[in-house]
Amino acid sequence: MADRSMAKAWIPPYLLSAPALVLYLAMLGVPMLLTFILSFNAFDFNKGVIPIFTLDNYIEIFTDSYFHVVFARTFGLALLVTVICALIGAPEAYILSRMRNPWRSFFLVVILGPLLISVIVRTLGWALLIGGSGVISTTLQSIGLIDEPFQLMFTFTGMTIALVHVLVPFMVIAVWASLQKLDPAVEDAGLSLGASQFTVLRRIVLPQVMPGILSGSMIVFALTASAFATPSIIGGRRLKVVATTAYDEFLSTLNWPLGAAIAVVLLIANIVIIASYNRFIERKYAQVFG
Amino acid sequence: MKTNGPLALIFHTVFVIFILAPLAIVCVVAFTDKGYLSLPTNGPSLRWFRAILENPDFIDSFWISLYLALGAATVALAIAIPASLAVVRYRFPGREGLTAFFLSPLMIPHVVLGVAFLRFFTEVGLSGTMVGLTFTHVIIVMPYALRLVLAAASGLDRDAEKAAHSLGASSFTVFRRITLPLILPGVAGGWVLAFITSFDEVTMTVFVASPSTTTLPVRMYHHIAQTIDPLLASISTVLIVVTVILMVVLDRIYGLDKILIGKN
Amino acid sequence: MSFLRMEGLVKKFGDFTAVERVDLSVEKGEFVSLLGPSGCGKTTTLQMIAGFVEPTEGRIIIDGRDITDVKANQRGLGIVFQSYALFPHMTVFDNVGFGLEMRKVTKDERRQRVEEALALVHLEPFGHRFPRELSGGQRQRVAVARALVIKPDVLLLDEPLSNLDAKLREDMQIELRSIQRTVGTTTILVTHDQAEAMAMSDRIAVMDQGRLVQVGVPLEAYEAPQTTFVSNFLGKTNMLGGTIADRANGRMRVRVRDSVVDVRDVDPALEGAVNLSIRPEKLHFTSPAEGRITGRVHTRLFLGNHWLFQVDSPVGPLLVTVENSGGSVVEENEQIGLTWKPGEIRILPAETADG
C-alpha cells in the first residue's frame, strides 16, 4: 500500500519556493543566458550589436596582449590581497578570540562593522588618506620627512592597500568561525606536554584554523578578482582591472558583445578557481575534519 | 582565560587603526571650512553639511536608494520566508539544488550581474524603471536574507508547532501565532541586512541605473570620478552615522556577530 | 468496550517497518506505558495516536469513534513533549490558555480554567513568567497543565521526564501519577526507562523491534517475563544460556556450562536450548555446603540501601544484591554457597541471535 503522506509531501515545498524560483528564473536565469548569447554576437561601431554567432570576442580576449595585462593584473592583485589578508586577518582573529568580553564583542563589531558601510565611503577614505594632497602626504611633508608629495593614488600599491582594508573583515570572519570550533583545552594540553607558546601556535592552533584561512582566502580572492568600485576609484583609468574593463566596454565603447564576453570569462574563471580550490580543501581536510 | 602578550596588543592596535583610519578621516574632513579637501584647522564647520541640502541631486538619490532598499528587502523577505520553510521542512527531490540556486548570486561577480541585467532590461524594455531596479536588488540581497531566515527556521522547535496543532490550532494559526513569532529575529535581522546591502550596492547598479534612478552610491561614484571634494566626505559621514545607528539596532534585535559570522 | 483501541497498527518508512501490527486496548482512566529501547517503535506509535504520523495500516479508535483519518488539530488529545515544546514567546498563562483560545472559550472562563490547571501543577504564582525564566521541572509542569486544561480524551506523554535530573525525576513521577489519578484522564506514557514505566503505570506494554512483546501489570511483567528480551529489559537479571539435559516428574535438569541446574518443568513445549533467568535479589548467600551452587565473591559494591556482589560460579558470573540491614556481609574472595526458592528461576526459550 502506498504511503499517503509521502505522495502529498511532494507538493508543498514546491509551492512554497515557487515565488522565489519564478523570480530567479526570470531575473537571473534569463539575463545570464542572454549575456552568454550576447558574448557570441558581433559588434559594429555604426550598426551596434549584430546577432550572428562568432567566437571573435573570445579570440580577441585570449590573443590581445591588452587583455592579458588586464587579466594578469586582476588575478595578481587578487592573489596579493588574499595573501596580505591571510597574514594580518588570521592573527587578528586569534588575538580577538583570546580577548575577554566586553572587549571581544566590541572589537569584533569595530572590525566587522565596516562591512556594512558602503564600499564607496571606505574607498573615499583611502583616497583622502593616500592622495597627493592627502593626509599622509601633507603630514609627512609638514614634519619634513619627505620633500615631494607622496602619492599612492592611481598606483597598484594604493589599490592593494584599499582592497585589503575592504576585504580583510571576511578573512577575520572565516578564521574566527574556525577558531570557535577549537577546543580551548588543546592549547593547554600542548603546553602541558612541554611545547612553547610558539610551537603550540604553529603545531596545534594553525593546522586547526587552516580550513578557516583557506575558505577566507577563497572569499577574498573571488571578491578582489571581481572588485569594481575600489579599483576604479583608486586605480583610475590607467590601472584597469577586469571589472572596470567590462564596464568601459559596456558604457563607454558600447561594445556590448565584447563586454559580455569579458564578463563571461570573469565568471567562468571565478567559478573554476573557486571550485578547484574547494576540491583541494575538501581532499586535504576531509579526513581530519570530516 | 588566556591573555594576549604586548606584541599581540601592539599588532591589534595597529590593525584597529588601519580599519578605522579611512572612516575617521572621512568624518574629520567633512567638518572642514575650506572649499577643498583639508583638515578642519580652524575648528569644525558645518559648511559641507549645509551643502548637502543645497544639492537636490544627492537628496533625490538618497530617497531613491531608500525606497529601493525598502522595496528590495521587503520583497526578498516575502519570498525568502516560504522558500526557507520549504527547504528546512521538507525532504524533496532537488532540495539541495534549489538552496544552491537561491544562494548562487553570492557566487556571481556583481559586474557580471550588472552586464546581465543591463542586457535583459534593454531586451524586455525595463530600462530605467524603478520596478526593474528593485527586482535586480531583490536577486542581490536575497541570499543574505535567505541565510538568516534559514538559520532561524532550522533552529525552530518543531515540537512547539506540533503542540499548537494538537491544541487545536489550524495550519495558518500555527504559522501566525507560533512559527512567525519564533523566526521573527531572523526575519528582522535578514531584512535589515538586506536593506543595508541594497542601499550600499554600487557595482551592479552602476550598469542599470538611469538618470532618473541613480542611487546614492552610484551618484557618489560618478561624482568621485569627476572630483573629490568635501561634499563627498560630509555625505559619507551621514552614511557612516546612519549605518552605526542601524548596527546598534541590529545588534539589539539579533546580535551583530550572528549576522556577520553566521550561526552562533 | 475499551476506551482507546489500536487495531493492527502498521507504520512503514520505505522498506523499514517501524511499527508492526500493534493491537492494544486501553480502558478509560487507565495509565499505560509503552516501554522499549530506542528504535522499538514506541514513539512512532504515540505519534500515530497523536496524528503527527499517518499509519500505513490499521485503525485508532477513541470512545467508539474512528480517528485514524482525523487531523491532529481535531483529535482533542493532550500531548506532553519530551522537549516540553512550550511557546517561548508566550507567558505561562498564555501557553496554558492557548488550547482554550483555539476552542474559543470566553476570556473569563479561560482565566478560571487556566488558574485551575496551574493550581493542579502547583504553579499558581508563575502565570506571568516566560518559559525561559522557569526551571526544568517547572517547565515540565507547564507542559502538563497546557495538555490537561483542554480536558483531553487521552493524555499522551512522550518521554516527559527524560530531561530532568534523577532526583527531580522521582518527585515528578509521584506528582504526575497523582495528577493523573486526580483528573482521571486516560494516559499513554512513552519511555525507555523501565523503572519509570513500572513506577507509574497501571499496565506496561513492552515493545521490541516494532512489536508488542508483553502487556501486563508491572509486577506480573517483572516477575513473569515471557521472553528473554523482557526479562533483560525489565530490571536486572542473571541470564544463563543452557540446554535441557533431561526431564521427569515435573522437573527438568538444565546443563549450564559444566554444571547442571535443577528447575521446575513449567512448559512442555520447551526443548533444546533455553535461557535461565534469575533476578539478583532472588539469590541468597549461604554456606558452601548448603548452597545449590557454590562460588567465590569477586567484587563487592556498597550502594547505600543495598550491596551488589559479583560472584564467580560454575554457571558463570552472577550478580547478587543483598539489602543493607546495617550488619556485616560476606567479604570479597570469600567462598560462598548460593541458594534460591523454587520457582524463582524462569525458564525462557532461547532467542535467535538478534534477540
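A, B and C are the chain letters, set down in written order, and residue numbers restart from 1 in every chain.
Keep this in mind: contacts are C-beta pairs under 8 Å (C-beta built on N, C-alpha and C of every residue); 3 or more make two chains touch, one makes a residue touch a chain.
Source: prediction; values computed, not measured.
No other pair of chains shares as many C-beta contacts as A-B.
With centres taken as mean C-alpha coordinates, the chain found closest to the middle of all protein C-alpha atoms is B. Per-chain CA centroids place chain A at a distance of 58 Å from chain C.
Inter-chain spacing, taken between the CA centroids of chain B and chain C, is 55 Å.
Centre-to-centre, using mean CA coordinates, chain A is 17 Å away from chain B. The set of chain B residues that touch two or more partner chains is empty. Looking at chain A, no residue sits in touch with two or more other chains. Contacts from chain B toward chain A in the complex involve residues 1-4, 8-9, 11-12, 15-16, 18-26, 29, 36-37, 39, 78-80, 82-83, 85-87, 89-92, 95, 98, 101-102, 104-105, 107-120, 123, 135-136, 138-139, 142, 196, 199-200, 202-203, 206-207, 217, 220-221, 224-225, 228, 232-233, 236, 239-240, 243-244, 246-247, 251, 256-257, 260-262, 264. For chain C in complex with chain B, the residues that touch the partner chain are 50-52, 72-79, 81-89, 98-99, 102-103, 146, 150. The part of chain B that touches chain C in the complex is made up of residues 157, 159-160, 162-170, 173, 177-178, 181-182.
Put simply, chain A touches chain B in their complex at residues 9-10, 12-17, 19-21, 23-24, 27-28, 30-32, 34-35, 38, 88, 91-92, 95-96, 98-100, 105, 107-122, 124-129, 131, 133-135, 162, 165, 168-169, 173, 176-177, 180, 184, 187, 222, 225-229, 232-233, 242-243, 246-247, 250-251, 256, 259-260, 263-264, 266-267, 270-271, 274.
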